[in-house]
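In the two complexes below, chain A is the common chain; its partner is chain B in one and chain C in the other.
Then we have the complex of A and B:
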């Protein structure tokens, strides 16, 4: 029982303490912490399919945008925020299940390209389906009605909650049969198939769980910023950022993406603040330096990254 | 007649599209790298042609090989000094490296040239060839012809020169090639340089037909993706067929569904093709 209770409870406990500490600070800190929650959840979600299963998905932007638009449309039709976000998660997961049956048999680069294109298709469809999505003009969301918390506090709580849920899910997957199957697939998919792993099922589940979280994050994001447009939420950078975070922290490990998200957020914030005009260029240079010079975690797809927390974790009784 | 006109419109840009994709395909086939930088390199070629036309009055169609040659040197240096260091890593790493380089180049061009769309205005304007019931825009025909000439030159170079054979040998088995005395690092550098050459030339050809801007680079990259997957990766004939196929698909897509859906149709086709036949229409191992 304890084996299950700990991964379920620990992330939420940490997040609850963090929320209490952070919720009374100034708006800037709260915004940063909310962004951190969002990045951590996205990086953890990508890590399930991209890291643990070793399938380099570039579809994060697609599910993020889909979630954002589902929430936006549902709210504009009068659904409450919670229902909108729930629909966003369900929609993204369902879409991933259907999509997975079409593209998850592709390997390596072919999978990467197919997943990369999904966001482009969805963006174009969103752009042209003006009657529902508002097209290129974007779409406004109603302000969330809050009683207990202020607006910023609500989104801080929501994003941190999603990050905790994604952490819990990662920890549970890591210890489950699914996790073993996914690691086998990452190492050698043919061998995994031969020894009897249902690779198709495992990959599809990983893709669905990953997309579920991405869709939920997209939904909360849409409500947070109250205005979205296709180029914003289907931005290709949204697909690459979680990969960078996971790489920074350690691909395939459970806590690596969280650390990576923190490190990435710090870098991004510093660059934004100091080099508004050229921040994307410097970010590009940093990516190049990271890839070229940060040894260890980067060289292997199943690397350990900055800190070998998962090892410490496993050593504990 | 309308259908014929639409077909001709599609075919007229086919060679240009093939030119966009062939360098991307070469780099993918030989170096096993998805070169995210490709779209920005096309735009850079376009700017070279734009400024060459503005300051020296050189016709972009004639300038295309020159733009390619200038960028070839840069491409060789980039591969030799930077990308060669990560060639042994998983492809996600090389992809991220080119993604980072792409961010840098895009942002640099944005800072240097601004996001304004610019276009080479030829004087006199190329006009159209009037073939009775259908008209053919002359600039597209010129671009397609120059593109096909350059692609043929590349194919001949790969087929008949020692360096070309070395590139093919490295593509087939890099360790065996190294044992036989091929300098693999240098061969990679030249192969990447050739890919950049084609991107630069394609950009120069584009600059006289479509407006160029740093923000357009992602569009060219996705076109290169689609063309490569339609035609099959790592084959020059595949890129040519894919280029013409995309031209025709876009042209008919624009007629049937409206111009804003032309590229979406191509993307949907790409996913369907990947799901059914990942190696493309002419895909095979080995290049050329």
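Then we have the complex of A and C:
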């Protein structure tokens, strides 16, 4: 039981300490820490399908946006915040389960392209379903009622909690049958089937668990910013960022995405603010550098992090 | 004894090409059967159809009483049908032990990862790979990777094991070692379908021989009678080989 207790308890313990230390600091630090929790949770969630299973999903924005809108609509219909966010997670997971049976049989770049389209479709649907979603005008969310915590503290706690939960889930998957199945699939899907892995089931579970967390994060985000519109929450950058974070920190490893989220946030804060005109360019440069250092693309970079970049450099043609 | 594997009228077409036509084949439990034929005769296609990699266009396949012609590959594997690949298929970034553990966990239906690891260690020892257990599979020699394929197949606890050219690309000493391993596997009671180019391997291990030619089963019977069969000689062995075999008294 100790084997299970550690992954279940450790991330939450760390996050609790972090919350106590951070919650009394100034608004800027709290905001930054909240963003870090959000990024870490998203990168960890992407890593389950994109890293461990090796299916490079570009659908993060789709589940994020879906989660945000489910929470927004539910809250506008009178549901409490917790119910709204819970529905966001359930909705994203259910959607991933249905979507998975349609696109998870595609491999490599074909899956990537198919997943890329989902956010676009959802954005158009959201835009045109004005009566429920507010269309292009966006939708407002009620302010969360808080008693013990201030507003910023509440969202800090929520995002850090989701990051901890995503870490726990990753650690549990890593040492479970599902984790072994996913690593087999990532390395050689045909061979995985021949040794008896139900690849369809394993991939679908990975996609569902990944999307569950992305949907929850989207829900909390919507409540945090109190106003969302389709271009904001279905933004393609939301699909790319978690991949960059995972790439930075180490795709496929359990803690790599957390490290990567931190590194990315640092870059964002230091570079973006000072290079307002050129920050999209920097993002592009980062992609180019990662691809240069990682020839062979997304499918061959499992277990590689910042630390081993020099080794990759030597291996590059 | 009833048949473990029964193929009736199995046909597989790739566009215009009939890769397998009307194959009837039955393997009994515990048998070692050699499958020979020239390149492109359909040997690997036959294995692919049995394991569910390809779906037969016509005919029925029954394994241990269950129809498997339209079953998913992973389910067929869990029923106890294992194979090795002509081109080896390891999980390159995993260690040798992890490779076999995965096979024991899913195909071998181990109850836990720890139990699968124990089973894997046993199979590695059986295949003489214990020394290499901690190495990434990608770092093995070809002979080592062929052995790893065998260890993975054994970890599935197969009732039927199909060995697709496990000796291709090995040097004579390695072939002898592999041959010895196959004999030991056979002694454990699994039914073995041995796909081979090396007649030495086939004649030493198999009692029964099946010959494929242009997707058709042209001979099926005891090794000696198949090797002296006129059609087989014409299609595959060549007259000189047949004469030498006859001279050697096989």
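Keep this in mind: the second predicted complex is superposed on the first by the 297 of 317 C-alpha atoms of A that agree within 3 Å, B and C clash if a C-alpha of one lies under 4 Å from a C-alpha of the other, contacts with A are read in each partner's own complex, and residues count from 1 in each chain.
Here is the rule we use: contacts are C-beta pairs under 8 Å (C-beta built on N, C-alpha and C of every residue); 3 or more make two chains touch, one makes a residue touch a chain.
If you're wondering where the values come from, they're calculated on a predicted model, not measured in any experiment.
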Original post:
For the three-chain model obtained by superposing on chain A, do chain B and chain C clash or fit?
Top reply: fit
Original post:
With the two structures laid over each other on chain A, which partner does A:240 touch: chain B (first), chain C (second), both, or neither?
Top reply: first
**OP:** Identify the partner contact of A:120: answer first if only chain B is touched, second if only chain C is, both if each is, neither if none is.
**Re:** first
Subject >> For chain A as apex, the angle formed with chain B and chain C - C-alpha centres, to the nearest 10 degrees >> reply: 80
**OP:** Mind telling me which of the two, chain B or chain C, contacts the most residues of chain A?
**Re:** B
**OP:** Could you look at A:278 and tell me whether it touches chain B, chain C, both or neither (first, second, both, neither)?
**Re:** first
Original post:
Is A:198 touching the first partner chain B, the second partner chain C, both, or neither of them?
Top reply: second
Original post:
What is the contact status of A:106 with respect to chain B (first) and chain C (second): first, second, both, or neither?
Top reply: first
Subject >> Contacts of A:80 with chain B and chain C, given as first, second, both or neither >> reply: neither
**OP:** Answer with first, second, both or neither: which of chain B and chain C does A:187 touch in the superposed model?
**Re:** second
Original post:
In whole Å, what is the nearest CA distance you get between chain B and chain C after the fit?
Top reply: 14
Subject >> Touching residues (chain side chain A, partner chain C) in the complex >> reply: 175-177, 180-181, 183-184, 187-188, 190-200, 302-303
**OP:** Enumerate the contact residues on chain A facing chain B in the complex.
**Re:** 56, 102-103, 105-106, 108-110, 112-114, 116-118, 120-121, 124-125, 127-128, 236, 240, 243-244, 247, 277-278, 280-281, 283-288, 290-292, 298-301
Original post:
What does chain B use to touch chain A in their complex?
Top reply: 28, 34, 82, 85-86, 89-93, 95-97, 99-108, 111, 218, 222, 225, 229, 258, 260-261, 263-264, 267-268, 270-271, 274-275, 278
**OP:** Mind listing the chain C positions that touch chain A in their complex?
**Re:** 51, 53, 72-75, 77-78, 82-83, 85, 89-94, 101-103, 105-109, 113, 152, 155-156
